[in-house]
Amino acid sequence: MKDVGMKPESLRRARASAELLAPPHCIELLRSGDTEKGDPLKTARVAGILAAKRTDELIPLCHPLPIHRAEVTYELGDDRVRIIAEVETIGPTGVEMEALAAASLAALTIYDMLKPYCEPAEMSIRDCRLDEKRGGKSQYKRKLP
Amino acid sequence: MKDVGMKPESLRRARASAELLAPPHCIELLRSGDTEKGDPLKTARVAGILAAKRTDELIPLCHPLPIHRAEVTYELGDDRVRIIAEVETIGPTGVEMEALAAASLAALTIYDMLKPYCEPAEMSIRDCRLDEKRGGKSQYKRKLP
Amino acid sequence: MKDVGMKPESLRRARASAELLAPPHCIELLRSGDTEKGDPLKTARVAGILAAKRTDELIPLCHPLPIHRAEVTYELGDDRVRIIAEVETIGPTGVEMEALAAASLAALTIYDMLKPYCEPAEMSIRDCRLDEKRGGKSQYKRKLP
Amino acid sequence: MKDVGMKPESLRRARASAELLAPPHCIELLRSGDTEKGDPLKTARVAGILAAKRTDELIPLCHPLPIHRAEVTYELGDDRVRIIAEVETIGPTGVEMEALAAASLAALTIYDMLKPYCEPAEMSIRDCRLDEKRGGKSQYKRKLP
Amino acid sequence: MKDVGMKPESLRRARASAELLAPPHCIELLRSGDTEKGDPLKTARVAGILAAKRTDELIPLCHPLPIHRAEVTYELGDDRVRIIAEVETIGPTGVEMEALAAASLAALTIYDMLKPYCEPAEMSIRDCRLDEKRGGKSQYKRKLP
Amino acid sequence: MKDVGMKPESLRRARASAELLAPPHCIELLRSGDTEKGDPLKTARVAGILAAKRTDELIPLCHPLPIHRAEVTYELGDDRVRIIAEVETIGPTGVEMEALAAASLAALTIYDMLKPYCEPAEMSIRDCRLDEKRGGKSQYKRKLP
């Protein structure tokens, strides 16, 4: 694990997202929040926030960071939901991996809760990516396609 | 968390995969195993196996299962690597989520270790999906495209 | 940690509950699910289920058990909410502690999410207890007061 | 998880407690420290301190904090034991939940270790509450009844 | 992680130990149980039992196993303490690593609690080894030197 | 857990090591990195780094610390491998236990991966010790024997 002790602490923000493809009747279940396992979006938000806080346990070379903010929001389409995770810290290194982990685990949680309602071929997670980071020596913002 | 106590125990297998897109010089680093953070493919294998074993902590409505086997392998392309996770148990419920979690966390670990060598716009994880499951009442095998 | 290897496996159920006292306007927030930290009852359900699954990490002399079912429900009063946790396993020892841990952590999660809306003196958790257990050599059902 | 990045860091202290009711012969076992599962009070102290350090994993919207001190002490009565947890940090947000989690898990650990010696109806945890907090913009001290 | 699904389940036992060397006045502190951080032997017992239960998280290629029994005991010498860990399960693979992990973490916990009372050169852990295993296809018992 | 809130933060470094004795053909397997469970040295490095980051969960009275660097390296002999762990933080207390935990868990991971290739009597871990610490009020460097 690299030495970050000599890097200055600064406000770091990252936003990442992932997209879950699912049949329209499954996306309807996300809107109603009513599946046999509970409310997928609210459960996935908790899973994503918890994942952000323990990213250094899940991704071996990540540094532990004092997460100051973590949030998961959603954009619902007809046959897809985009999961957006935002994370902030004040620290010597960025929170890109924390945001990516939060988006990934939230997406997997929704997948798990929709699984009884469709076939495996009908669901997949695609385009898990960093959308923006601020703080540190490099800025980044993904251009819209 | 649903009741699975009355479901019969049987051998369950699942194979899932995810694809990380990265520039060719980064894929070369995967082949050589030589980055400033260590060997990405071998580190990601460990991260994936550990994720399979703690899936029930990461995905809230998953049941704890006695994982009997977990493995992570790779298919390297020119500008991508496919991460393949296989998990087995003998239990009342399947290991799809364990395989998906292993593939996702292994992909994120590789992302983290390649991050110093390219721009955020050059990497993303796509097409995280279940490829096959066996055991239980339904079989599934994804058709090749 | 006691030896349970020679005890026969059987279906074990436990139901435990805890009561959180809070001002009526806070209980209203539970009904609406709308606080600055999110939806308390749905978040606390997740916290309780996760706690049930990791009870053996939290309570040192508890055995790890393959939790087959865990659920958290609520009874809302005017100035209180009763949190009810039910847990099941098929194993050599009971799930009382799992149910008690689920109820306690769900209660603490609600407390945490209502904390910005009232004074510390206005909230407390009381009467965290086992309500029923089945399976094993002893049955138990708490008599109504 | 709320943003606490802009809140100033200051010394934060919290003291919480919970009360376990148990038959007098069980309270005697706490004094002697001699049960078939080991020494309840010393084991529960460890469980409480560990809980304080991982509160942000257990209570989903809690922030990770660098715990500087955590201690668990006891007041033994004839048919009850009060578990008192004190936690300190220097951080942007308080440690109330850490103290409450420590008191709760310590109480559950004692419950687990006394369980073989009495009936479920004879034990319960009551009155888990915040007793004092210092630091941050609001002070609090519970008045004696 | 190797496939153990086809191996028959049987009763498995393992006993491992480690030896901590420390100055006589530190060993006296172990007897009295009275250090500024608490009672070392009782705290280390808890640490060892917890380590046995989470060995599959700590040692990446270990399988999760339903630990049926875990215990830590001590043999005190003049300038050393031997930490003995015994673990049992009924499963398809043995618990050697669980016993070794329990002995190691218990030894490190004692080291941590004695650390304020002596110089680093005066303490070390040596001879961490498997003493006996039973069950499975191979038996083993370490010969006395 | 002792109060470290009033101790000044400073750069803290610790180096610890442990030695695993194993038959020469097993040490050869470490060089080739080719066992049925995977590459022992690279897997053990990950296990050691992860252990350093969660030392406060494993050793009950340790404080959580923002680990800034953790690394595991090896010195291979004919019938032994020395595992060397170095850890750094900027904090109010040292990282000796983190370095010792990293060395111990890395050693146990190698042990686990070599286990299929030799008899239990042929392997043991010895001489797990602190080699150097810097920062804080006391310096330490172990003298060569």
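Lettered A, B, C, D, E and F in written order, each chain numbered from 1.
Quick note on the criterion: contacts are C-beta pairs under 8 Å (C-beta built on N, C-alpha and C of every residue); 3 or more make two chains touch, one makes a residue touch a chain.
Bear in mind that the values here come from a model prediction, so they are computed numbers and not experimental data.
Centres computed as Cα averages put chain D at a distance of 28 Å from chain E. Centre-to-centre separation between chain E and chain F, using Cα means, comes to 17 Å.
Residue positions 1-2, 38, 43, 46-47, 50, 60-61, 66 of chain D each touch two or more of the other chains. Chain contacts here follow an irregular pattern that is not a line, a ring, a star or a complete set. Interface note: chains touch in the pairs A-B, A-C, A-D, A-F, B-C, B-E, B-F, C-D, C-E, D-E, D-F, E-F.
The touching residues of chain A, when paired with chain D in their complex, are 11, 46, 49-50, 52-54, 66-71, 88-90.
Contact residues on chain A toward chain C in their complex (touch as defined above): 38-39, 42-43, 45-47. Contacts from chain C toward chain D in the complex involve residues 1-2, 18, 36-38, 43, 46-47, 50-51, 58-62, 96-97, 100-101, 104-105, 107-109, 111-113, 115, 119-121, 123-130, 133, 140, 142-143. Chain F makes touch with chain D in their complex at residues 1-5, 56-57, 60-61, 63-66, 91-92.
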